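In what comes next, chain A is part of two complexes: it sits with chain B in the first one and with chain C in the second one.
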Partner chain A sequence: MPVREGIYGLLAEFNTPGELVVATEEARRAGYRRMECYTPYPVEEAAEALEFHKNRVPMVCLLGGLMGVTTSFLMETWISVWAYPLNIAGRPLFSWPAFIIPAYEWTILFAGLSAGFGMLALNGLPQLYHPLFNAPNFRNGATTDKFFLCLESVDPKFSPTETRSFLEQFHAVSVVEVEL
Partner chain B sequence: MATQQPINDPMIDPKTGEYAVIAPGHNFKSVTQKIAGLVLTSNTPLGWFFGLMVAGCVASLVVVAVTWLFLKGVGIWGITMPGAWGFAIINFVWWIGIGHAGTLISAILLLFKQTWRNSINRFAEAMTIFAVVCAGMFPLLHVGRPWLGYWLFPYPNTMNIWPQFRSPLAWDVFAVSTYATISVVFWYIGMIPDFGTLRDRATLPLARYFYGMLSLGWRGSTRHWIRYETASLLLAGLSTPLVLSVHTVISFDFAVAALAGWHTTIFPPYFVAGAVYSGFAMVLTLAIPIRKFYHMEDLVTLRHLDNMAKVMLATGSIVAYGYGMEVFMSWYSASHWEFFMMWNRMFGPMWWGYWMLILTNIAIPLTTLWSRKLRVNVGYLFVLSFIVNIGMWFERFVIVVTSLYREYLPSSWGTYVATKWDYMLFIGTWGLFTCLFLLFVRFLPIIPMSEIRMMLPQTKITRRGPEAETVIEETT
Partner chain C sequence: MSLGHEHNGDAGHHGHGPRVLPASLAAPEEAIKAWRTRLLIVGVAATVISLAFFMVQGGPVHILRAYLMGFMLSFGFAGGGLAMLMLQYVSGGKWGLLLRRPLEAASRTLWLVAAMVIPVLLLMKHLYQWAAFPNAQATAAAYAKGLMTQEQMLTANAKHAMLSPSAAIVQTVIVFAILLLMTTLLNRWSLQRDADPDAGSQSSYDRWRIKFENLSGIGILIYVILMTDLAIVLIKSLDVTWYSSIYGLQFLVGQGYQTLALGILMVILLSRYEPLKTLLRVTEQHDLGKFAFAFTMLNIYLCFAEFLIIWSGNVPDEIPWYLARIQGGWWVICSLDFICHWLIPFSLLLSRDLKRNKKKMIWLTAWMIFARSLDMFWLIEPNFRDAAGNLRLSGNLGILAYITVPVAVLSIWGAYYLTELMKRPLMNVNDPHLEEMLEPEHAH
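This part shows the complex of A and B:
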């Protein structure tokens, strides 16, 4: 990986979600690809504007659930039929209706843990350091009441001067450089 | 009769005549400041210290009762033959039932897009977790040798023994441990964005460090938010069947046994409804003082209290149907044992338990909650929430005790008398629950800020970019 130097990107701050969405759509239209919006609550229109559709959380959750049901049902069968067979009121050793209940619970357990931790993993969290926290106005607003668009310097179209003037046409409260 | 409301009440939406979910006049900054301020403030109210002190003293009863129990064994409790399931099981079912409303609010109401729940779901989930903590203690102590409690889980061991999966008690282990785990994960994931807010607003370095670690570096990225929302919905979708299954499995502990008064198919739905009923009562018990002491009347409005009272009315009616069916079936089954069990519940030596249950669970709430005036009467709801929780405790008392102490053979009849150690442990868990809740109220965001922001009118997207403005200039 080459040594990254210079700036991470240009960060535009907006007061309303509407301004952010318009700016994002325009940036996308102008050919920018490496960018991200930062909002204090989920703004679906911003995800639309970023054309972000590759959400793999449901798949991770499904795989977890399938793993849970298989693991627990096979484990119960192995334990009750082979490992530790017990005669309980004359019931068959493979009394599968009774096995459904723990298997059901473990399906939910594995699926839920996969959804939760899978989401964190796909998001690359925990990541306690990020260049954006260097921006002076980011922490004051991104988790409270401001809406940010960051055009990143790794984008081939990025140029410190042109990108700045591009962002400034959208009535941004401020456009600041984010140090790496 | 329609109740008269003052027409100029700002809390009433003029279009629908309903109370507003959030008081008008809030914006992103004001809700954030208000909720984050509770946690980040440097002056803790004196009442909080006082409350923690009292609750801590009560919670220390748990330590005393458990220490003596470890030294002496479960013989210090009132359990004996035939009444082998005393307070331990009653309290276990009671506490875990209370927890269910939290999951219902956070999961089922999220799936139904009931956005009014946003104000109350965080502390309802906290209530769930603390109730499960209290509940989990009882069966563990009841097994007699709690230090061997891990034998309940399937793990390879040198003794070569494994759990017996045809037993409802083994199912219970899976249901309750899954419930506790998923509730904690759902609760924590829900708080991550709010931890981010607290990290960014904290002025003390220690607080910034503490909340910074908990926030895992959350920065509100849109791609993160979309995955986050999906995960929340999935967890809600998974918690919904989970919460229904947990109390169903607990009812199997009774229903699978061949004992008159327990062996009935109505138990699963009736247990779940009863759990939600008592849980909403507990949410009211907690929400009413919190909104008062922390001046949260604009975020937890009368609309919330009204809606919760309506849920209690609905679930209470299901519970009443369950009681009715139990009585009907004891006659209709033509089983001598069933008939005697019901007669004994109503008129036997412990008749007061049954009638107490009917009075507090059915007679008082289900006659008064129909009135809207009473549903928005904060004082009345607060008192009622205690009444219902007393009633739900008596329900479990009646089910456990009156079924066991008159079993099939009159020669093995006995009685059940709880000892001071039973009472000490039970009362101690109230203190433990209150302690945990007070710590939660002080150190964690009690209302989800990100979800409240989503309910504000400012979230509406209005497209006003350079293009739109040129259009306006051209037309003018």
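This part shows the complex of A and C:
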């Protein structure tokens, strides 16, 4: 595997969630897109500033649910009609009312599993290495009392100098360069 | 380049500070009066068209049945409003404060609904077999003439204590008396709460919260029992042979479904004007949408559970109720009921964007009220011998009264509801949730 070199991005540290949200909104307005907020607890406004809610997890969940209902219903039909046809109280072999409950359960099961695993797949977890942990202030603050905004170097608008001066106009405690 | 943000926090930043409570919390009278006028026009027009059905063969009985349907839907809004009013007092939450005044207005329409039951009671012998043949001799004679089956005769005799004209009147009077008492108390206290000299203090908050909780907790239980009784006497007993232990719960959830749909519809329509323009946040609208989704699920759960149990049992006593609602053309209504009542609201309410969109929620909630009406039609009409397992239009034009009469009844009920809604400020101010509702969206 080739050794990756260069910088991952610029990391700004803030003392309050409000400052973080303002900086994030301004960064989006300035045209940055590849960025992420890191907070010790969920900050809905930061998620909103990142326009984070539009992702593909709901679609994965919906497809999982549809797959569950189809699989279960077809499986039950196959079992009852062709594989093991049994006469149950003289009812038709294709007695769909009896299939509904398992089909419903499978919908929920598949939708839940798809949402969980789809979320992990789409956000890249589990991840054994992340460059941000190279920054000592991130290691110490991200899970306790600091709020971070990272503008990533893969963003076409990123420039080590201009992005730094852009971030420094906010009242960041520090703006540090993070190595890959 | 300085953006001039304060160092600590984000005061002054667009859209992040707390909003200001509007100076006047009064309901937007002009707009509501315009809606009321429109409803009254629809109501009068529907009444006039309904009168034409008197001249059709089988028209008068269908008008009466359709009136029963309109009455039961109105009771669903009024009683459901009372039940949800009590529910939000015990559960708390900003959604409850937002809906409180519309729910109070709905509960105050119980006076009108209580008056609306009188025609049903006066004409009950045209609706209910147990009222047409009120004693054992009458049922025996009816059986001899072929007007009743043997099973109908025997069950009508067995259920005589509950299902007889005098018992039905006594039950209806008791139900409405208790519900009106609870309505009066809750509505009176709500005004006293705002007028409290200590308003805004913790002691005042606690005192009123506990007072409302103490009535509402037991009130919900009482409501469920009384509503179940009324649903059995007025709707379920249309088929005197029918038993179903889930019936009351189904009506309760159906009332929650329609009341919530109306509540969401009202707050969104009212949010075009102050004060709700400021007070309705997307957060609460989203929460109410999720709540409506839960009711949609619970509703189909109960309906399907009842069907599955009876289908599994396959007992001759029970299945005719479903056969009458599936065979002979009723399959169409039955399927439409499932699609309109569950499939469409369920599929649409899955969407987060839709729940947060005002315009789409207006359409969807109006649709849900229509779907509830369709469900009520499917519950009521197949009870009658001429309609059981035989849905037809030719020679049976009177069945169209099921469209016009409920529209007329609901429009007139709606006009009264809007009149009640105008009488009070749209927000209960002596409540700690109000401050939270003025906070920016998603403030944690």
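Basically, the second predicted complex is superposed on the first by the 173 of 180 C-alpha atoms of A that agree within 3 Å, B and C clash if a C-alpha of one lies under 4 Å from a C-alpha of the other, contacts with A are read in each partner's own complex, and residues count from 1 in each chain.
Just so we're on the same page, a residue touches a chain if its C-beta (ideal position, glycine included) is under 8 Å from a C-beta of that chain, and two chains touch if they have at least 3 such contacts.
Since the structure is predicted, the reported quantities are computational estimates derived from the model, not experimental observations.
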Touching partner for A:P42 - first (chain B), second (chain C), both, neither: both
Partner chain(s) touched by A:L151 [first = chain B, second = chain C, both, neither]: neither
Chain B versus chain C as contact partner of A:I101, first or second or both or neither: both
Comparing the two partners chain B and chain C, which touches a greater set of residues in chain A: B
Partner chain(s) touched by A:V176 [first = chain B, second = chain C, both, neither]: neither
Which of chain B and chain C A:E26 touches, first, second, both or neither: both
Touching partner for A:L167 - first (chain B), second (chain C), both, neither: neither
First (chain B), second (chain C), both or neither touched by A:E76: first
Chain C-contacting residues of chain A that also contact chain B: 16, 18-19, 21-22, 26, 42-45, 58, 91, 98, 101, 169-170
Interfacial residue positions of chain B with respect to chain A in the complex: 27-29, 32, 154, 160-167, 170-171, 174-175, 178, 181-182, 185-186, 189, 192-193, 196-197, 199-201, 212-213, 216-231, 234-235, 238-239, 241-242, 245, 249, 252, 450-451, 453-454, 458-468
Chain A contact footprint on chain C (complex, rising order): 1-3, 5, 7-10, 13, 16, 304, 307-308, 311-312, 314, 350, 352, 440-444
Chain A residues touching chain C - in the complex, by the definition given at the top: 15-16, 18-19, 21-22, 26, 42-45, 48, 53, 58, 62, 89, 91, 97-98, 100-101, 169-171
Chain B contact footprint on chain A (complex, rising order): 16-19, 21-23, 26, 36-47, 50, 52, 55, 57-58, 61, 72, 75-76, 79-80, 83-84, 86, 88, 91, 95, 98-99, 101-102, 104-106, 108-109, 111-113, 115-116, 118-120, 122-123, 125-130, 132-133, 138-140, 142-145, 169-170
